[in-house]
């Protein structure tokens, strides 16, 4: 673990909980969540299925209102989704009626930026995700990995303060996944984004996150936090694969034991 | 009434009779139970089927769904012209004041001239349509008006709304129109000019060939209905009024609006004639057919001989024999 | 696999064969006089009638005039239905309150036979084009409205959420996401709607008309001109199929992403 | 979230309010004599007429007899359509050759206005129940057939392949997989079909009938009994909605897995 | 690598190739595949996306006919799918209109076994996948892992000579996946099945297969075969996780290098 100098606090979550009131009795999805997100953090969240990872992300995104506790962004209450917190879903949820470029230009357009800036921003991020060649393609002709790259560029183009990702690579095959991890890692290193990412792959969390949160279910809450630096040091930069060492293996085993109960 | 009781096994189980909802001899016969004594009492069920006009009755004849059908003579011509295997056996009534061209009060239409540029509604293919066309032709304005093809109920609706100022229709809707309108011309006047229209009775030849006595009996029913009316108009009017859902007074008025024939009159030279000498009605039918042909309403106008054969008075003669 | 092409040509032959068989049966039974020409006119007679109508028109109007006026009614009614049902349907789908007001009215009139309320329409609107067009309009309105409501309620929620996260306001979401996302369903419903209006054409032209292809059939049936009835039916069948083909082609062009949502 | 329940009761109030408003407007304009009672009869008159028909019947038949005969026609026609269109549609979907033969015929007659071919049906079948029921049958047949074809062609191929791998022969596949897998679509189409037949009811009862709720409206319009027309329309609207509700309940019971394929 | 005594030869594939003839020019999906499957083999197939793994499996299943080469099972040509080769798909493709038990009984029922045997077999395999408690549940209420267990039991119940699985665990989260791997391993050890399984997870292949095939794309063919015994020896039996050692890590790196080009 490294001693790192923390960035400014962007998000502060205290004693946060969410109850779902469906047709039946209320379901306590998450409970007593305490979390502070600093600028530049790459947070990876692990936990068994149904432990409330997505619920937490939805609250941060502004899609869902917490039923208890406080959630402040830059010291202010959040009332709904806005462009400060960009979201990447597992299924890319790109707009099939727009070309690749139009999808990426969507955010800047909604911000009513001048036409010239919109084009420039889109071009810049198309380059960053290596899709400039495909800018005029329709969405449904892209492969799964390409779609996630567009989704990533779409959020990046908005330059949000925090990027939220809910299992963004969950639907990709192992190889594409490793390539995408490398891409995300490179972008994070270059742009110094703040990222909050849910994953179910321990290797992914370990190889990307500067902070790994482990959640347990019933009640869904954070039971462990790890500060890591594999993302910066222990990566084989040619292939983008994490160099596995003793420390890594021990950590992985520990996390698996933690979840698997 | 049936003489060949011994061959009852050959009688049909039921006869299907298409009728119009107008106050005529058939309606009297139906409502006063005259059919019972000639048909029902022999174990034959009479099914009465209402038709709005001869149009649907012709289709029903074509498909063999009905044996007898009442319709305007124009529809009889259509039946003959389109090759239906039927014959005309009776004239219910010669249309008089029961049909006419109504114009709305306040429309300032007082003569044929005033009709220019107007919309005139009438049910196409009906006797009213025929009379109207001839009226317009006589006045020389057949190309200066717009004819609308409407069923009688729609005519009243359009009339009430003020969409149309003139319509050629028949009772009972004509009465509705005349509540705030007047009659410019009636079919009675048109008949005087030679454009006779009538409601006639058709029978499928397949039926009449098999059961000529039943057809004769059918005519007996009709003529008895006519006799009843002539004997006591009030009583007949009261009987039909119930089925027609109008007052007996209205019914009587409507009944008086047309000419009902006795069998003897029907066999006269003015109408159907006898089996040996065709009557004048055949000529009227031919003229009407020729006119309909010029209107492209029918493709071929049958020959005079065809009409002579089509109008078959033999069953009236049979009905008078015993 | 390799037999696909061969298969599809066998199938085409089968279809052609079917129609040829129908034609031959038709020809034979009329030729042998098995049925009266009134009930089933011979193919030759029908064709003759078609040529004569083509040349001389019907009731003093050319066939094109009849078709023209029918299509004018159909077109105006469909257009009105499209421009009113789409916004109302989308709003109903998007705002529960609008739906609460409009939905039950549409649900009530939708199953009504057009002929039942045509009388009322005539009483209200008169016998002119307006009542005819209103009848067709009402027939076309319901399918589009219902499809819009269901399209909006079934919309992928991620589309809306991600738009909001990209900075879109309610208005942006409605025009840039809800509308295009519903377009494929809307298009299908327009096809249904025009079909419904087409089906109602004869009813509309039954009253106070003296033109239109539907009226032609009604009028011919009055004079028992079977061959004209057959000509009318065949023309209506073919134009009905053609309209649908045209709409389908348009659909493939406009909502090319259909099926990829 | 917590407002769901409150929302839905506001919405119910809105719906009720809408109908109340319609009633009030109706009441007011007739009370003030703004329109002739022929065009819009007063609610009171309509209710009076309803009571009188309920008590005395219409044209010598009780209201229940009219409804009964109409539903008898509807029921027989729909049943016939169901038992013929489902097998034919499924076969058409499963065997390309059957489709090549049947499909174009259905596609041809489907857009035809029922009134156009009703004339022909009457010439062929007469004016009895048979032609009425055939008309309704044809209206109901096409939607079910078309839905069956598309259900089978869109069937998840894995269902069929896995059945074969489990030892099912063609017959087994057809009855144990193709049929149940198509059931949800079939059910939706049955609802459409009965709706179509219901819409055609008035046309069917227009010719040579003297019973049926559709005939009642036609007959009333013949004598301009506006209040009877309104009673008929309201009864048809309500029964139409009730039929659909009933079918929907049945659907939820039988194809409970709908939406989970 | 271990020296193992091979079982009987079940499947022999020689110089097998498949061309897809789509609308455009033919696509050579796989080419020159040579493979012999012995009784008791647990074959895992790895390879980049689109290299033809699924195509090979489809040929073996009998869903697809090869365009070149030979494929014999027990010395005989295969004409189509049958119960000797059971298939597990990525999406479980269970029948949602059947209960858990009915799904498992499907195969034995298709084989027309006596009722008593069917029940017995189903119960036995329900126990083996730990779902006896859920036998009456409907399919759509199961979690992803449970669905795959039913799919597994459904194929097992048929006692096929070979089980073919196309990324059976691809859609599951990391933890459920590890549990399922343990289950498959246990079943394989107990029943001595012959399994041919496609995966995109190198860890999965290494921890399960007795033989791992690595395929390359264009042309899709087998470029490497490894004989392993991690499944038998190097497994931490309590958690079902593979004990990672030097040999394992070296192998994994080698395979990743092989695919990643």
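Some notes on this structure:
Each chain carries a letter (A, B, C, D and E) given by its place in the written order, and its residues are counted from 1.
In this section, a contact is a pair of C-beta atoms (placed from the backbone, for glycine too) under 8 Å apart; a residue touches a chain by one contact, two chains touch by 3 or more.
Per UniProt, the chains are A, E = ABC transporter ATP-binding protein; C, D = Taurine ABC transporter permease.
Treat the numbers as computed from the prediction; the structure is a model and nothing was measured.
Shared contact partners of chain C and chain E, listed by label: A, D. Centroid distances from chain A, each centroid being the mean of CA atoms, peak for B.
With centres taken as mean Cα positions, chain E sits 49 Å from chain D. With centres defined as mean CA coordinates, chain D is found 38 Å away from chain B.
For this pair, chain B with chain E, the centres built from the Cα atoms lie 84 Å apart. The set of chain D residues touching two or more other chains comprises 38-39, 119, 123-124, 221.
Multi-chain contact residues of chain E (touching two or more other chains): none found. Residue positions of chain B touching 2 or more other chains, listed in rising order: 59, 62-63, 151, 153, 157, 160-161. Considering their complex, residues 7, 10-12, 14-15, 18-19, 22, 38-40, 96-97, 99-101, 103-105, 107-117, 119-120, 123-124, 195, 198-203, 206, 214, 217-218, 221, 226, 229-230, 232-233, 236-238, 240-241, 243-244 of chain D touch chain C. Listed in rising order, the residues of chain D touching chain B in the complex are 36, 38-39, 119, 122-128, 131, 207-208, 210, 221-224. Partner chain C is touched in their complex by these residues of chain B: 55, 58-59, 62-63, 78-79, 82-85, 121, 124-125, 146-151, 153-154, 157-158, 160-161, 163-164, 296-299. Those residues of chain A that touch chain C in the complex are listed here as 61-63, 80-83, 85-87, 89, 91, 93, 95-97, 106-107, 110-111, 138-140, 154-155, 158, 160.
Only residues 48-49, 143, 170, 173-176, 178, 200-202, 239, 241, 244, 249, 256-257, 259-260 of chain A touch chain E when the two sit together in their complex.
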